[in-house]
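Paired with chain B in one complex and with chain C in the other, chain A is shared by the two complexes that follow.
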Partner chain A sequence: MKDIFVQLEFVTWQSLPVILFCVCFAAVVTIIESSFHMKLVVQNDALVPGFAALLILRELGAVVSALLLTSRVGAGLAAEVGSMKITEQIEALKMLGIDPVRFLVVPRFVACVIGGFLLSLIANLVCLYCAMLVSEAKLSYSSGAFITSMRAFVTFQDLVFACLKGACFGAVIPLVSCYFGFRCKSGAEGVGLATTNSVVVSSVLIIVLDFVLTFLFSHFY
Partner chain B sequence: MLKPLLNVIDDIGECLIFLRLILRTAYRSPCTWESICEQTWKVSVQSTPTTALAGFFVGAIMTVQFTMQTKAFGALGYLGGLSTSATVREVGPLLIAFLLSGKVGAYTSAELGTMRVTEQIDAIRCLGANPIQEIILPRFLGIVISSFFLLAAGLIMSIFGGMLMGSVFSGINPEEYVRHIPTIVTQFSIGNGLFKCLVFALILASVCTYKGYSATGGAKGVGRAVVGTAVMTMVGIVVFDWFTSLLSETALNLFREGV
Partner chain C sequence: MITFRDVHKQFGEREVLKGITFEVPEGQILFILGTSGTGKSVLLKNIVGLMQPTSGQILVDGTDVTRLSEEELFPVRRKCGMVFQHPALFDSLTIFENVAFGLRKHYPEYSAAQLAERVRECLSLVYLSGVEDKKPQAISYGMQKRVSLARTVAVNPRILLFDEPTTGLDPVTTRAINDLILELSRKLKTTSLVVSHDMQCALDIADQIIVLDMGEIVARGTPEELRKNPHPLVRDFLKEALDAETAS
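Showing the complex of A and B:
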């Protein structure tokens, strides 16, 4: 139990600044781009908050934070487990009668699932807040008008789905990293290879899973 | 609180100084064409399947998302144009560049970092050759060239992905989907997307060569360099995504006022 909290601190708290920073910039870009498209299609900015909020909640918030989490946490996990494998610490655990999967993987898995959920929630809310600030400054929306116009498009269930997506992405990261870590070949190159592979495979899996989840959730709207 | 911030600024500054060093070497003592082509070929072959797959799925995701929204307005005809425009201008370059930074960036910085900590780079210097010219410059140029084309290929794949999902999920046949692309996607949008690809390729190449070249302290240092590369590239990509969007918007406004 204590392990889970230590991992949760590593996964969530230490990744928070980077993720929030990136998500703020993503919000600014989303507003600029959706204002560009709206001008093209309907000639005014009236629907910008709604579309930007939809794009953020259903897509960008969860995926961007998950991909950042992969490069930070996934690479770290694979390197850690891989080094334990090649220095025979995992065999030592087995000798002591401790199940390495239970000891190493389970706390990280649980922490990443909870962390993915929480990070997705925080990232989405901060991203929306930033989008509101930007549209106040750039498109001269008042915050009230932004929220009213946003509420016409997004509902609470969008936020719930975004958090569920975050939790699913969080589950992918430790599974892939620990798999590659446990199969790590000996030597420093083996660890490097395991790290690179785990980052690539989990990023691709996140995008594919995002597609599957989007498809699945689209039946509930 | 202040120390991590200072470290970040230090990192950015050193990366820029390293970039200047690379460019100066490229100007004064350029490397051979063969070495650049070799690196370009290596990177392209390694990463084409990943990028193509990612591009395909990004396009498919955007189509599914836009279907729900355009259906609500009864404007399903705009689907092809809207989702292609959003993918090419914004989401496509961003997500595919994220994947490339995991693939190309991590591989290159691990390779260079291993060379560094096993003192192969010092050995090259001992032999009287310039390691920047011999090792870094071909990789830098190779990554820039191949990432740019890989990103562009990913964008093309995303159109195919969107087309497929358009006919499977939202019942729009491919001809209809493609017919509406030129009504919304202008040459300017495509230029904007390609400009983004070029900027992301430059960021990726300079960060991963810098981090790999400056790795210190054994296998652990290589691991640190790899993680540092991935994080720094992604943050750089997001920041410059904003910057290029702002730039293109300003350019577009100037253009409109001019006409």
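Showing the complex of A and C:
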């Protein structure tokens, strides 16, 4: 249990600054680009808050958070387990009667699932707030107008699905990273390769899983 | 007792062990010598199921370990302690926690005081004290090897497996580790298998020596018998050992 909390602190709390920093910029770009293109095509950007909120909740918040989590947590995890493998620490665990999967993977898996859920929730809320501030400052929407427009497009269900996506993406990261870590070949090159492979495969799987989940969730709208 | 019966191990096309057969009687120290890449470490890892042989039998106290599941291997591993080529200490834990790691698993009934006492006792067996609160990276490589030895003996194994315990160490630490192997094996009455390149050490402390070349046993016997063995590889090893003896 202690291990899970240690990992949860690492996955969630320590990843929070970089994720919030990035999603804020993503929100700014989303709202400004949406406005620009709507004005260009339909000569009107009245629906921008709604569209932007929809995009943020259904895709941006969860996916951007998960990809950042992959590069921060997944890469570190693959390197950590890979180093343990090549320095025989995994075998030492087995010799001491400890199941390496239970000892290394389970706490990280639980932490990443919970962390993915929480980070997606926080990232989406901060992203929406940031979009609201930008639309107020740059697009002359009041907070009330932003929220009214947003509520016409998104529901509480969208936020729940975004968090569920975050949890599912969170599950992918430790499984893939530990898989490559446990199969790490000896030497610095082996650890590097395990790390690279884990980030690439996790990112691809997150994008594919995003498609699958979006398709599944679309049946509930 | 450990028995190897016609053990073969293949990695793809490459056969690393070619029909290895030998026995280690209880309480003896067996040295396995050979040049790099001849399958010495593979042989050792097969005993505790860290690798599986392609064919053949390995009996540990009468139990064939070659076809056991991870759960079934647990009692076999419980009997054995292994000192790896790397110190294999857990970087995130202190020296104390590293030595206590196996104790917490195997002796859950130990109180905190008993645990601390046992850790101190094991560290003193390897002539270490005052390092309990340090992380592995804060002590020298030779000290890390000794901590690894302390962690291994802490859980009272009946069989000790050493995979090149002195590789990468200076001559003084090498000597100290070799003395420790002998002392621990005699004091704890364990059966010990030592994989090494060090013929001098083997001649000094082994009860039996096996020389491996290209996955096959090319010589075996007591140190006295080995001294008379005419095989070229054994002569090369002996020459190096005698040169070192003369130099010292």
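What we mean here is this: the second predicted complex is superposed on the first by the 220 of 221 C-alpha atoms of A that agree within 3 Å, B and C clash if a C-alpha of one lies under 4 Å from a C-alpha of the other, contacts with A are read in each partner's own complex, and residues count from 1 in each chain.
Criterion: a contact is a pair of C-beta atoms (placed from the backbone, for glycine too) under 8 Å apart; a residue touches a chain by one contact, two chains touch by 3 or more.
This structure is a prediction, so every number in the text was calculated from the model and none was measured.
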- In the overlay, answer first, second, both or neither for which of chain B and chain C A:Phe215 touches. first
- Message: After superposing on the shared chain, does chain C or chain B touch more chain A residues?
- Response: B
- Which of chain B and chain C A:Ile32 touches, first, second, both or neither: first
- Message: With both complexes superposed on chain A, which partner does A:Thr87 reach: first (chain B), second (chain C), both or neither?
- Response: second
- Message: Looking at A:Ser71, would you say it contacts chain B, chain C, both, or neither? Reply first, second, both or neither.
- Response: first
- Task: Would you sort A:Asp99 into first (chain B), second (chain C), both or neither based on which partner it touches?
- Result: second
- Which chain A residues contact chain B in one complex and chain C in the other? none
- Residue numbers on chain B that touch chain A, as the complex places them: 50, 53-54, 57-58, 60-62, 64-65, 67-69, 78, 82, 85-86, 89-91, 94-95, 98-99, 101-103, 106-107, 110, 114, 169, 184, 218-219, 222-223, 226-227, 230-231, 234-235, 238-239, 241-242, 245-246, 249, 252
- Item | Contacting residues of chain A [partner chain C, same complex] | 87-89, 91-92, 94-99
- In the complex with chain B, residue positions of chain A that touch it: 18, 21-22, 25-26, 28-30, 32-33, 36-37, 40-41, 51, 54-55, 58-60, 63-64, 67-68, 70-72, 75-76, 79, 83, 153, 188-189, 191-193, 195-196, 199-200, 203-204, 207-208, 210-211, 214-215, 218, 221
- Under the touch definition given earlier, write down the residues of chain C that touch chain A in their complex. 45, 48, 50, 70, 74, 77-78, 80-82, 84-86, 88-91, 101-102, 105-106, 151-152, 155
